[in-house]
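The structures considered in this document are given below.
You will see subunit A twice below: alongside subunit B first, and alongside subunit C after that.
Entry: the complex of A and B
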C-alpha cells in the first residue's frame, strides 16, 4: 500500500504531462529532421516533393566523407583515452582510498567542475594552448623546444586535450557505481582460493564492472559526437567535426543539408547505442531503481 | 618459501596503488589547472593579454564587464539565463515528482515511459535544438528565449530530475505511508503531509540540478533563442568577436556562483538529512 494505487488511472494521468512534453519537444522534432532531409526543391515548404537527392549529394562529396571518418576516429580516440583513464581513477577512488574523509574530498574535487559550465571550461583551455600559451611557455622554459609549437590551439590535439578533461568523469562515474556494488566477499573468496591479484581483477572485478564501462563509453561517445562547442572554441574555424557541419549548413540557411548531416549523426549514435545495448542489458541496471 | 610470494603481492599491490594514485592526482591537476588559470588571468592588468604574462594585477576586466557598452553588455543575458533557469527548475520539480510518483503506480507502458525519459538524456542537444527550431518554423512560431528555449530546456532538465526522484523514492520507506493510510488519512493528504516532507531534500536536489543544467545549456539554446540571447550564447558571441580577459572575468564569476550554489545546497541537504535521521532514531 502506498500513496498511489498500482495500475490506477491516477498514475497514468500523472505521467501524461512529462510524456507529452518529451514527445513534443524531443521525439517529434527528431522525426521531423528525417522528413526535412528528404525534401526536394529549394523553398522552405512542407509541400516539397520527397527525394534522396540530398543524401546522394552529401555522399558523393569526398570532403564530407573524409569528415565522417575523421569524426569517428576522433571519437574513438577519446573513448579509448577517457575509458582507460576513467577506469584507473574510478578503481583508485573506490578500492585504494580507505579514509572516508579523503574519499569525499577526492570525489568532490572530481565532481565539482561538473557543476560548472562546460563552455567556460572549454574556454579555460584557450590560454593554455596558444603559441604564447602556458604549455609552450613551460616547454620553452624547461628547454624542451626552442621555438613555440603551433600544434596546440586550432588543432585536433588541442581539442582532444580539452575534451579529455571534460569527459573523463563521464567514463569514470558509472564504473565507480559498479565497483561500489561488488560484494567484497567475492574478491575475498577468490583470494582465499589463491588467485593472484591480477587474475582476481580480470576474472572477477572487471567482468562485474563491464556494464559501467560500457555505459561510460556510450556517454562519452554521444557527447563527443555532438560536442561542437569545444571544437568551435579551440579548433577555431580551422577544424570541424560532423556536428559543426550541422551548424555551418544551418547558418548558411541550407536546411536540407543540415538535416542530412543531423540524420547521419543520429544514425551513427543509434548504431553506437544499439551495439552497446547488445553488450549490456541496461534494464538490469534499471532493475534496482 | 611460502612467505616470499605474499610479500611480492603486497609490494605489487602498493605499487599499483601508487601508480593509480599518481594518475589520479595528475588528472586532477589537469582538470583544475585551466580553471585556476582562468581565474588568475581574469585579474590581469589593463594591458594584459589572454595569456601570461599578466602585466600587473587589477580589477580592470571586472570593471569592464560592469560598465559595458550595448555591444557586449552581459547583464541582460545574465538576467535572462537566471530567470530561465529558475523557471526550468520549478517546472522540473513539479513534473518530475509527478512522473516519479506515476512510476510507483506501475501504470501500463511504464517501461516505455522510462525509455522516453532516457531518450531525453541521450538525444544530443544539437539534434533536439535544430529539430525543434525547424518545427517552430513550420508551425510559424517566433523563436524567443522565454517560450521556445524554455520548452526545449525543460526537455533536458526534466529527465535528470525524474531519475533523481526515482532514486529518492527507491530508498523511501513506504511503511510510514502505510501507517498514515491505515490511520485513515486520504492518499492525497498522506502524500502532502508524510511523503513530500520526507523526500523534500531529493526534490530540492532535482531542482538545483535542473537550474544548473539550464543555466549552462548552450547547444539547445543556440537554435531556439531569438534575438535576445542567454548568457552562454552571449559569451560565445563575444568569443567570436574578440578574446579578451573580459571573458575570463565572466567565466570566473559564473564558475564561482556555481560553486557557491553547490556548496550551499550540499550543506543544506547534509543538515536536513542529519535532522531527519536524528528524529527517526
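Entry: the complex of A and C
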C-alpha cells in the first residue's frame, strides 16, 4: 500500500515534474498554435489583431474542404482494414498458435519492424511498389499480369497498402492483450451452455475484446491522421492529406494557414478520442475481471 | 439462508421414465504427450445419481470430467450420455451442464442475461426466457441481483448464479468441478446441504469432482476414488470407508492405519501377514492370497483399543507422540517401531487414559482388519 495519501502536500509535489513537462510540451504549444491561427494582418508579430478570417478563408475553399473529406474517408478505410486484419492476426496469435516458442517468434516478427522509424519504413515501401518493384516483378513472374501495374506507387492504393502494413500491429496489439486476459473457462462455460463456436465468439470473446478494438482504432486513427511522411514518400506530389497541407503551408511561410489546419487536425482527433471514450471507458479497463 | 425451493423448472412438468444409464464411461483413456491423464476409466452412473470423483490433485478426476463435458476428446474408449454415444460430439451437442471451479461467469453480462444464456442458445422465445429466468432467480434467492454484473457479487452469490446458469436448461447431467472450493469455509456446509437437496429434488445426475473426502462421503451416492489416472475403488461411501479396496484408498481415507507385509500362512479363513512390526491375522473373503506374496491391510483408528483383551488377536506396542481432541473423538498419534504412524481414536466422551510420551499396547480384533485386493480397473 502506498503511504502517500491522495490530496496530501506530498502527492502534489510529486505531480509537479510531470505537470511542468506537460505544460511545457503540450499545453503551451497548443495555446500558441491556436493563438497564431487567429492572427490577422500579414506581419509576423505578436501585436497582430485577433480574427477568425483565417478559418473563414479555409472553409470557403472547396479544394480544402474536399481534402478534409478525403482525409476522413482515407482514415476510415485504414481503420476498417487494419481493424479486421489486426483482429485476425491477434486471434491467430493468441488462440491458434499453441506453442509458446512459436508465439514469441511470430510476435517478435510482427514487432521488430516497429523498432525503425515510420519514415524509414515508409521509404522502404518504395522499392516494393514501384513499376519495377518487387510486387510487380513477382506478379509478372507468376504470370498474374503482363505489364507492370503503375497503380501501386504514387497512388492512394499504394499509400493505403503501406499504411496498412505500418499500422496493423497498432490495431492488433491491444486486442492481443484483451484476448490473453479472457479466461479459457469462459469459452468453455459458453460451450457447455450449448453455444457453438461462432456464437461463443460473438457473444463472449468479441464483447470482452471490444475495449482492445477501440483502443487499437484510436491509435490507428491518430497515426493515420497525422502521418504525412508515408503520404509524401509513397504518394509523391500527386497526393496529399490534411497533415501534408500543414507541411505545404509551413514551407510556403503561410504560418497562419498552417496553424489553422493544425488546429483543425487536432479538433478532429479530439472528437475521435471522445467518441471512442463514449463507446468504451478505457480508464475502467480490467475493472470487472 | 433458506433452502432452495422446488424444482428448477415447472414442477408440474411430466417426468419421463428413463430406464437407461445417465452416463457410462467405457475404458476412457487420455494422454498429453507422454503423460497419461486418464487411464482406462470405466464408470456407470444410474438415473439421478450423485457421484463424487475423489482423489489427490493430478489424479485425473478433472480430466475425466472434461472428457464427459466434451472439452477434452479421449484418445480411447467410449462415453455414453443417456444411452447415446457422444464420444466425438462437441460440448454444445451434449445433454450436460457444467459448473466451473471459479464459476466462469461472463463478466460483461448481467446476472439475468447470464442465467438466460443457456435458454437463448436453445432458441427459446424471449417471453419464455424472461419468465423462466425470473422464476429460477427467485428460487435460487438471487432475484435482487438480476441487474448486477458478476464483478460486484460476493463468492456465495457468484456460486448461486453459476449454479442457476447451469441448472436452468435442466440437463441430464450436471458436472461440477470443485464447485465449493472457492467459497469461504463457513459457507461450504450450508451450500453442500443445499446442493444435495437440489439434486434429490430435480433428479439430475451430479458428477462432483473434489479432493475433499468430507464432501465426497457426505454427498455421494457413489464415490469414485482415483489415483494416478485410474479408478482405485468405486462404491457407496460406507463401502469405501469400511472396506477400502487398496492400500492407497485406505491411506487416502482418513482414520485408517495401513500395514504392509508378506503373506506367511493361510489357515481357516485368515492370513498371517508378517510386517516389520510383527505378525497380524487378517480375514479374507473370496480368492485366497498367494502365500509369500506381498499384501497390505488396514484397520480403522476407532476400532483399536488401548486395553486389549483375549478378543483382540492383533497387538502392537507403540509410543504416543500427540493427542488431538475433536470432541466426538480423541485421536492419539502413535509412533510404531518401524517409524510409521499409528492412529488410535478413543470415544471423545471417555476420560483420557494415555498421555503424550507414554508407551502402550494397542490391540484390535482380527475381524476388524481389511485385506486389500488388487487395483480395480
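Definition applied: the second predicted complex is superposed on the first by the 275 of 289 C-alpha atoms of A that agree within 3 Å, B and C clash if a C-alpha of one lies under 4 Å from a C-alpha of the other, contacts with A are read in each partner's own complex, and residues count from 1 in each chain.
Just so it is clear, contacts are C-beta pairs under 8 Å (C-beta built on N, C-alpha and C of every residue); 3 or more make two chains touch, one makes a residue touch a chain.
Keep in mind it's a predicted model, so treat the numbers as computed, not measured.
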Q: Scan A:32 for contacts with subunit B and subunit C and give back first, second, both or neither.
A: first
(Q) Which partner chains sit in contact with A:92 here, subunit B, subunit C, both or neither? Use first/second/both/neither. (A) first
Q: Give the label of whichever partner, subunit B or subunit C, reaches more residues of subunit A.
A: B
Q) With the two structures laid over each other on chain A, which partner does A:196 touch: subunit B (first), subunit C (second), both, or neither? A) both
Q: Would you sort A:183 into first (subunit B), second (subunit C), both or neither based on which partner it touches?
A: second
Q: State whether A:208 touches subunit B only (first), subunit C only (second), both chains, or neither.
A: second
Q | Which superposed partner A:5 touches (first subunit B, second subunit C, both, neither) | A | first
Q. When the two structures are overlaid on chain A, which partner does A:67 contact: first (subunit B), second (subunit C), both, or neither?
A. neither
Q. Where on subunit A do the contacts from subunit B and from subunit C line up?
A. 196, 288-289
Q: Could you please specify the touching residues of subunit B with respect to subunit A in the complex?
A: 9, 12-13, 16-17, 20-21, 23-24, 27-28, 30-35, 37-38, 41, 49-52, 95-96, 98-99, 101-108, 110-111, 113-114, 116-117, 119-120, 122-128, 130-132, 134-135, 137-138, 151-152, 154-155, 158-159, 162, 166-167, 170, 174, 177-178, 181-182, 187-188, 190-191, 194-195, 212, 215-216, 218-219, 222-223, 232, 235-236, 239, 243, 247-248, 251, 254-255, 258-259, 261-262
Q: Going by the contact rule at the top, pick out the subunit A residues touching subunit B in the complex.
A: 1-8, 10-15, 17-19, 21-30, 32-33, 36, 44, 46, 85, 88-89, 91-93, 96, 106, 109-110, 112-113, 115-121, 123-128, 130, 132-134, 137, 164-165, 168, 196-197, 222-223, 225-226, 228-229, 232-233, 243, 246-247, 250, 255, 258-259, 262, 265-266, 269, 273, 283, 286, 288-289
**Q.** Parts of subunit C lying in touch with subunit A, wherever the complex brings them together
**A.** 69-71, 90-94, 96-98, 100, 102, 104-108, 117-118, 121-122, 149-151, 165-166, 169, 175
Q. Of all residues in subunit A, which touch subunit C in the complex?
A. 183, 185-186, 188-196, 199, 203-204, 207-208, 287-289
